[in-house]
Amino acid sequence: MNTSSNATTTIVRHSGAYALDNYLTAGQGVKSWLLTTDHKRIGILYLWTILVFFLIAAVAAALMRIELLTPAGDLISSETYNKLFTVHGVLMVWFFLIPSIPAVLGNFVIPMMIGARDVAFPRLNLFSWYLFVAAGALALWSLIHGGVDTGWTFYTPYSTTYANSHVISMAAGIFVAGFSSIITGINFIVTIHKMRAPGLRWFRLPLFIWALYATSLILVLATPVLAITLALMSVERLWGVGIFDPKLGGDPILFQHLFWFYSHPAVYIMILPGMGVISELITCFSRKRIFGYAWVGCSSMAIAVLGFIVWGHHMFVSSQSIYAGMIFSLLSFLVAVPSGVKVFNWTATLYKGSITFQTPMLYALGFIGLFTIGGLTGLCVATLAVDVHVHDTYFVIAHFHYIMVGGMVMAFMGGLHYWWPKITGRLYPEFWGKLAAMITFIGFNLTFFPQFLLGYLGMPRRYHAYPPEFQMLNVLSTAGASILGVGYVLPLIYFLWSLKRGRLAGPNPWRATGLEWQTSSPPPVHNFEATPIATASPYLYDAEADRDLHMANA
Amino acid sequence: MNATTTAVVAEQFDDIQQQHSAAKLGMWIFLATEVMFFGGLFLAYTVYRFTYGHVFALASRHLDDVFGGANTAVLLFSSLLMALAVRAAELDRRKQLVRLLLATALFGILFMTIKGFEYRKDFVEHLVPRFDFRWDGSDAANAELFFWIYFALTGLHAIHVTVGIALILVLALLARAGKFSPNFMPVEITGLYWHFVDIIWVFLFPLLYLAGHR
Amino acid sequence: MTTSLPKLYWKTFIALMALLAITWSVGYIDLGPFKLVFALAIAMAKAVLIMLFFMHIRGGSKLLHFVAVAGVLWLLILLSLVLGDYVTR
Amino acid sequence: MDKFRLIPPQASTSAHQIDWLFIALVAIMLFFLISVFFPITWFAIKYRSGSDANRSNPSHGSNLIEISWTTLPIVLSVALFSWGAVAYYHIERPPPNALQVQIVGKQWMWKLQHAEGKREINELHVPLGQPVALTMTSQDVIHSFFVPAFRVKQDVVPGKYTSEWFKATQLGEYHIFCSQYCGTDHSGMIGRVVVMEPVAYQRWLTAGEGGESIVVSGRRLFLDRGCSGCHAVNSKFHTPLLEGLFDKPVPLSSGEIVKADEQYLRDSILLPGKQIAAGYDNIMPSYAGQLSEEEIMQLIAYLKSIGDKTSP
């Protein structure tokens, strides 16, 4: 019963399996996409845009990994290598990790989860996407004209006085991308506050909403500081005189304070939405209500607030005063506690559940494993004495890749697989999904675990050539990177394949309890025929009933 | 509020109250981001005043506090006019609204002209960093740092004032065409923005002009 | 509100001008280190007056109160912890 | 050097401290990993869909458990933090009798000079078992002097002095890396530390072109550049006396009191009007741009040498 997606056929086959009059068929042609104010379409526009930047940054990473196969810098010049790791950093942070879950999954799912027809400011939402595209164009323009070689951290005085690459155009790109995420943040906060369905009190909200609300708080309060910092750096570079310049008595450490005041909360912008997705996946695929709902919800808020007072742990060896270092070290330990609470609660949720291992669940379990390792190594770099040794080495690289790639990207893939039937109305191929998840998990560990060893051995980061004794671990890491590459290409293929030939999904393929599953998939333009009334707390799964049912899923 | 319910309610909202409170909340959050945006510069000011307090006091004496004080009064008065304009919009008195909006914009322009004269005076006195900055005292470097922060803060604020004036003039045009009879929210939103710009100047004046006793 | 709105606005304006006069005249007295504290206190008072009356925070929802304070609160986090570094160097 | 190793050579006193702390951290990490992975795998097997495990009245939360796995990590955190902080405090505090070495980081090379005047490029010869204190500054961008074998790292920031110290406990050659990104040849800005027997070190020090000691070259600069013209007992200008000045409190004209440490001396040479001593007016010309970083260090070494004498 394979009905083509464009509803030209006269037979109205509203078989519940595939809603013919949905938001995809509500308008045809490029104009309907470029002028849409439908939060669902804007989510898809963001998906295609971040895919482009992810691929560019991934190619940069691949080239770096190949270069690091040999101790001598013989494949590419050190100049090119510096530009590669800068591109990898900038594009991954600002054009993939920060927008991915909020702007793609968040835009698509938040209004539906709270029973609203759209976000609070739909036109602003579209404007946010146009800002994002303009920012991407600026970044690519800077890239084409020779790229930037300052690293994604833009430390002065190198970025202002000594770098001779296209710093200002890249900084302008990030400046504009910052405003795109500020607008998304404002939109989500107002939507969640003002547009919840009747009966949907705060403690009946799905945990994905809690996580994205906390993320939006950080988006809104931290990003402006990045904007002013990049603006100050750019003006200082343009005029040759500025407040970070030691010749004027300025202090380069002040730039680091301003930069990291944004950039540490930014890593929580990246991981919090991932945690929200995992709360959804663990409950749905273990058919069980979350363990400690209030604690998991509040730990998202705690992470958002505590995330603002710990940035000094990036500057332990930067000639920041040792007493400030001690304050930041203690606070950094405390910010790890809410993350621990979340992991323990997910583990406890599995108890007495009825666990199935579809692709989203594999990604969720992978997330818990890798995020726990990432978070715990965070304790090592938060410890003052150890950080003196491992700061700016591959130990730190491994730490944040375990959290961003092992955590956030796994969660994004899990979320994408979980909501794919709702977005497209079609199911992805289950076998290939599981295979890709496992390949990604193995490839990831092989890539980044050796880097912990390299880091403690003392191999500094951003090194184009290194002493011979580090070669063996680098070869292992590059091997892992190639497997990881395969793990990411597979979903690209079968997702595209599923658009045309995936099995029809029907409104609720996972028998999940969120409001977004109580409407057809793909959903109609206004999400619900009638605004749903929320009556009970979320995740009302019943593992026992599920076991009796025990349907053999294909 | 006598806004009739037949006012145009955007499709995603259930009623006009929800739309209004959403718009106000959104604007207030945007103002919080503006506080953090200016905050980076306030941090630079605080840190360098802490490290080079003596020079900052000396340098701030070179700023003309008459210009600064007058500008504060002008902006405070324009804030008053804006508040009255929002009330007029609420009570749907179109002519009074247009007059008050124009008056507010006028005082905004007055602020910018005073600012222009002040910048010209600073330029003549060679106080503009990078553009032939001259300083007779001993630590010209730190003084240049003060003036760099001064021009960064007041320049950023001036940009915000200019944007505000443009917004208010557009509002005046739309008000004349009666666009705000049921839905006066855009006037209130712009009013919030204008008051915020005034608050920023309220902090700039003592910090920059009165750093050292005159 | 008991008094009519415009009268309230004018009273607020006059209070603001008075505060401006105070802060300006204090500028000419040498208070030493208290100068900064005093100047900031008056500026904060003016800001609160503007927010309460001109920006209708008074009588507004508690949420708006929190958002109004949140911006300044986060700025204080930034200022205090960075100064914590510079003071103890 | 090429056999496979898991941790770098432990060649300094602090290396052992940090390695023990790291091993404790790894142990705690393993504890938490097991306390998360084991239940997950066990639940995944026991409660997989279709298994006939007992799933009656599942609990959805218990504040007792939540509070326990919140406070336990907090307690652990404070313990780990304090261990790390104490070790950090020792790492940052050079002992008084340390051997002084001046380091100037410049885009993509390290210029080192021993107190006795011996200069080196990208190499640092140190005696075994004696603390060595490094005083570092940068000529251009931020670098970072990192010796993995000694577990020490400190950014080298233009416009200020940063310092670090170590006491070598093992002979041999160890890597020096620049660990703060500093431009095109950041990965080429490396070198080696050679730890020698104290006797061999002395012989190495006096061998070769001997070079005048830092203090001597500092004194020569003090005369050549006209400092002695004003800063002398019988000078006709009203200038502060520099003998016995180093590390003593200096009352400033702005009322504060600062310690005359290296940073104060450096700033007074380059930005004379910054912190004028009380009772003096601002007549000293700035030497910014006329003295290289090495020369400033030599002048300061000279001022330090006359720091404890009361009269010239």
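As written, the chain order gives the labels A, B, C and D, with residue 1 at the start of each chain.
What we mean here is this: a residue touches a chain if its C-beta (ideal position, glycine included) is under 8 Å from a C-beta of that chain, and two chains touch if they have at least 3 such contacts.
Just so it is clear, the model here is predicted, and its values are computed rather than measured.
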item	value
Which of B-C and A-D has more C-beta pairs touching across its chains	A-D
Centroid-based (C-alpha) most distant chain relative to chain C	D
Mean-CA-position distance for chain C and chain B (Å)	15
Chain A and chain B: spacing of chain centres that average the CA atoms, whole Å	36
Intercentroid distance (Cα basis), chain C paired with chain A, Å	38
Overlap residues in chain C, where contacts from two or more other chains coincide	63, 70-71, 74, 78, 82, 86
Interface hub residues of chain D, defined as touching at least two other chains	271, 274
Contacts with 2+ other chains: residues of chain B	21, 25, 29, 32-34, 36, 39, 43, 47, 51-52, 139, 141-142
Touching pairs - complete list by chain label	A-B, A-C, A-D, B-C, B-D
Chain C - residues contacting chain A, complex	63, 70-71, 74, 77-78, 81-82, 84-86, 88-89
Parts of chain B lying in touch with chain D, wherever the complex brings them together	52-55, 137-139, 141-142
Chain A-touching residues of chain B, taken from the complex the two chains share	10-14, 18, 21-22, 25-26, 29-30, 32-34, 36-41, 43-44, 47-48, 51-52, 129-130, 139, 141-142, 144-145, 148-149, 152
Touching residues on chain A, where the partner in the complex is chain D	73, 78-79, 82, 149-151, 153, 155, 157-158, 161-163, 246-247, 249, 251-253, 286-295, 316-319, 322, 325-326, 329-330, 333-334, 336-337, 340-341, 343-345, 347-348, 350-357, 365, 368-369, 372-373, 376-377, 379-380, 382-386, 388-389, 391-393, 453, 456-458, 460-469, 472, 543-544, 546-547, 550
Of chain D, residues touching chain B in the complex	254, 271-274, 276, 282, 286
